[in-house]
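Sharing a structure below in structure tokens format, with a few things to ask.
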Amino acid sequence: MFSEAVKIEQRVEEGKGITTLRFPMGAKVRPGQFLMVWIPGVDEIPMSVSFIGALAGITVKEVGEATRALSLMKEGDVLGLRGPYGNGWQLPPGRVLCVGGGVGMAPIMTAAEGMADRTRVDVAIGARNAGEIIFEGRARRASDDVRTTTDDGSYGLKGTVVALADQMMREKRYDVVLGCGPEVMNRYLLKACKQHSVPCQLSLERLMKCGAGLCGSCVIDGLRVCADGPVFTGEQVERMTEFGRWKRDDAGLRVSL
Amino acid sequence: MTTSLETDICGTRLRNPTMLASGVMGETGDSLLRVAEAGAGAAVTKSIGLEPRRGYPNPTLVELEDGYINAMGLPGPGIEAFGEEMSVALKGGIPIIGSLFAAIPEDFVTLAVRMQEYGASAIELNLSCPHAKGYGMEVGVDPEAVASIVRQVKAAIDIPLWAKLTPNTHRLLDVAKAVEGAGGDAIVAVNTVKAMAISVEARRPVLFNRTGGLSGPAIKAVGLRCVYELYEAVDIPIIGVGGAETSRDVLEYLMAGARAVQIGSGVGRRGLGVFQAACGGLLRYLEEHGLNSLSDIVGVAHVQ
Amino acid sequence: MTTSLETDICGTRLRNPTMLASGVMGETGDSLLRVAEAGAGAAVTKSIGLEPRRGYPNPTLVELEDGYINAMGLPGPGIEAFGEEMSVALKGGIPIIGSLFAAIPEDFVTLAVRMQEYGASAIELNLSCPHAKGYGMEVGVDPEAVASIVRQVKAAIDIPLWAKLTPNTHRLLDVAKAVEGAGGDAIVAVNTVKAMAISVEARRPVLFNRTGGLSGPAIKAVGLRCVYELYEAVDIPIIGVGGAETSRDVLEYLMAGARAVQIGSGVGRRGLGVFQAACGGLLRYLEEHGLNSLSDIVGVAHVQ
Amino acid sequence: MFSEAVKIEQRVEEGKGITTLRFPMGAKVRPGQFLMVWIPGVDEIPMSVSFIGALAGITVKEVGEATRALSLMKEGDVLGLRGPYGNGWQLPPGRVLCVGGGVGMAPIMTAAEGMADRTRVDVAIGARNAGEIIFEGRARRASDDVRTTTDDGSYGLKGTVVALADQMMREKRYDVVLGCGPEVMNRYLLKACKQHSVPCQLSLERLMKCGAGLCGSCVIDGLRVCADGPVFTGEQVERMTEFGRWKRDDAGLRVSL
């Protein structure tokens, strides 16, 4: 664990409303872990690490106040970071299919790049439209089989990324599927993996306050997404009665997703 | 006779003296259940108020090398919605202690009665949160105000009543005596120490609320001191809390006079295994020293 | 204009804002001289009383990973013998601040007058030691008592009068306002946090006095909070103390509102180089940020 | 720095009123460093480490209440330790003469044993009488030239250990002399070394409360024996106006030695 303030060194617009911020960071991070990112004067929110290494990075999609403020930050601006938190992916030997929906590509990309052998990792990238497809070039550098899909068909195949993943599982035998995206995508991906009897790991999201396993705001059933996750195995997710149905609001009240 | 870690806090029997501290994982029934599975002897709920509260915006937590500073702002679903969580929590089979916050005695009474209905084994009054305006330590430093709350709540419930006190006052012992005099059954000490963090780069306080409460190893020596002093000042049982993580920490608290020890920050710093690890160490200690029960060490640091 | 670390506390000019805290190496003239050579901007003497005192028997210190707990018991040669030490200390060329402890205003006056004669640049009233019976924090939590001491001492001396306060009370701001109202020139915050250590093996408190005062990194967040709150409560200068060791710590205190920062435990943990290292970092910070003087950052954490 | 409680594993009477206590200790110690030793219920006093290694040790001479209590401790009893504190000896390349007076042999012995080459270290052991000569056997295992002297001539040469050291410096060329003993011994040893132009290091003692460089109770002139010493170079000692003349009492008052 560390807590530090960093200066943004590089800002890259990855797509429509999706921005990468790069900064030097001391701490060692494993693929799939996240940081609590403090935008001084605004908010502090969880962000997956999308670039590992000396020039680390996060990739943010604008959805509300904090993500907008973060997206608008400039080179030289200061961010507070604490973490890394969470368990990260378990990368087994064998063939891996990485499935990322939208900005869910952030933690997926570090997993793909974390594989030693590019012939053993395939990537399925999905988004609502062409503007939201990110990291395709990076993915092609890490894998021989990268496919894309958009809901509206404006880029790549037309359809959902789960349909694409299903197709790929039909074609090849994978030892594990890693998935990150909107909860509904995760839910259908889990279903598809079950049909093909492929074990999967899903990175989940919930409202996070502390990020450190204390406050309990991020729990799904008894599991803290921040400390017990954010990556859960398919079996864990299947046992979650709240998955795909409920989340907790700021007051800890259960509200439907 | 075999070695046992059982302990008793004014009628509430605990399989072991480790307890989840209020505010950590205690907002939902499922989490409390997991804490029971992880081996805690009892679990205290998040402090619950009358209405749902969102708490403060983030940042609500600062992580230091030797602890945390938090200013959550007492978020919670409110007493109404908490009934459902309690019914889940109770499945864990360990005593669930209902922690409550309010500004006036009448509200504490309302909350305590509901908590009792929900099946709480005891009530813990949060008279000590250092960062929520109008609540917690703002009432908890005034012996008369505390006595009045304790007296009224005590009259309204049948289960034991615990009062959780703040170390941020020179009147700790006066407040504890007020609790005892008003019929309180046990003292819980301590809540967090009022503190803050400033970011040099951002040139501002880190926490949204600016100030917060320091917890974890940084305050263990403060909590120990409070328990030690309380043991000589009151006769009701004391429950220690503040920076306890290992069996050694728990032993220090027991020797200072605590009958049980709550763990909060340790859950974040060491994971949920913290309860089982501490209990394992306690058992080994008792066995190595040929002791049968914890009562042989509670308060021994006072015998010279 | 060149970058300067100079600071001014109600007329006392310091070449830099780091200052030796009372009780650390401040009992003898030669030590104070060494602290001047080591680069401190000023040095506060050990708290001196009317008579020689041996202090408590050992153990008087517990070393923790993140600080110390001490209960020295205010040992010292007494005001009479301290004149000789002062004359040596003054050769260092930096302001020497005379720290004093007493139980009643009259004794504080006697001591302050002598300290002024000895050449002290200012007087620091120790109203905050948490472990010496009848002294320090026992008077320092009562605003009226504090006002009376400050008023009487102020009337008897010409040099500035500082009051050093305890964090072990919920009345910190009331006490500070009493100091200001009675004519005190500056507030020093904080003294140690009341704490203790228990040895599991020996089954007893470690310190001879059982309780003592926690200092070092463990209390930095507490000291910062006090300085921050004081800055909004009083207009007289504030001097920060508690866990400061690095230039970053000093910056945090300055941003919270301190005009200068005292270092105590840091001398033991990091050695006498602690002053120069902190000042080096401060200079670099000012230069990197294009600032000429510290006044540009004092209190900036309050501007949002 | 560490703080731990240990159980005494071995108790050895080294001589009249001089006892060694051995215990397992986690911390790494350099020759010449010391511990603050807590005798629960009695006192806490500084003690040089006389044995380095897994089974560490201290060697105590009974002079007052605390040292008596320590001397009477039995195997299995608990001691509190904190430290190690102090700088320790600087062991230069070249030939070393170790000079120990009485229990001053404690830190001297670890220096002698710390030398890689036994032909390069000589030892002069002095005491008031035969009963107080300690560590002679240990010294002989570490050095080829070990000589002893007693004030009353009851063992070894008759005379002071400084006279013996002076004799040895006359015979051989030393690159450094290490000395530890009563202050008067240290004072004369310093003088003898000056006459022979041999650099020396002396381990000094003063009343210690904190041991950690904070309280200032152990100062000689501006130097803290606990943190700046206990080992000082001859040049440092020569500049000390208080050396050999004054010490500080519990109240910090200067009293004559």
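Letters A, B, C and D mark the chains as written, and numbering starts fresh at 1 in each.
Convention: a residue touches a chain if its C-beta (ideal position, glycine included) is under 8 Å from a C-beta of that chain, and two chains touch if they have at least 3 such contacts.
Just so it is clear, the structure is predicted and the values come from calculations on it, not from any experiment.
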{"item": "Chain labels contacting chain B and also chain D", "value": "C"}
{"item": "Farthest chain (mean CA position) relative to chain C", "value": "A"}
{"item": "Cα-centroid distance, chain A relative to chain D, in whole angstrom", "value": "63"}
{"item": "Mean-CA-position distance for chain D and chain C (Å)", "value": "36"}
{"item": "Distance between chain centroids, defined by C-alpha means - chain A, chain C (Å)", "value": "50"}
{"item": "Shared-contact residues (touching 2 or more other chains) in chain C", "value": "64, 200, 204, 304"}
{"item": "Residue numbers of chain D (touch at least two other chains)", "value": "41"}
{"item": "Contact graph of the chains (line, ring, star, complete, other)", "value": "line"}
{"item": "Pairs of chains, among all present, that meet the touch criterion", "value": "A-B, B-C, C-D"}
{"item": "In the complex with chain B, residue positions of chain C that touch it", "value": "64-66, 69, 137, 141, 166, 168-171, 193-198, 200, 203-205, 210-211, 214, 217-219, 221-222, 224-225, 228-229, 248, 251-252, 255-256, 285, 297, 300-301, 303-304"}
{"item": "Parts of chain A lying in touch with chain B, wherever the complex brings them together", "value": "1, 3, 5, 7, 36, 38, 40-41, 43-45, 78, 80, 82, 209-217, 219, 221-224, 227, 248-253"}
{"item": "Parts of chain B lying in touch with chain A, wherever the complex brings them together", "value": "23-28, 30-31, 33-34, 46, 52-55, 57-64, 68, 70, 72, 75-78, 81, 199-202, 204, 206, 264-265, 267-268, 271"}
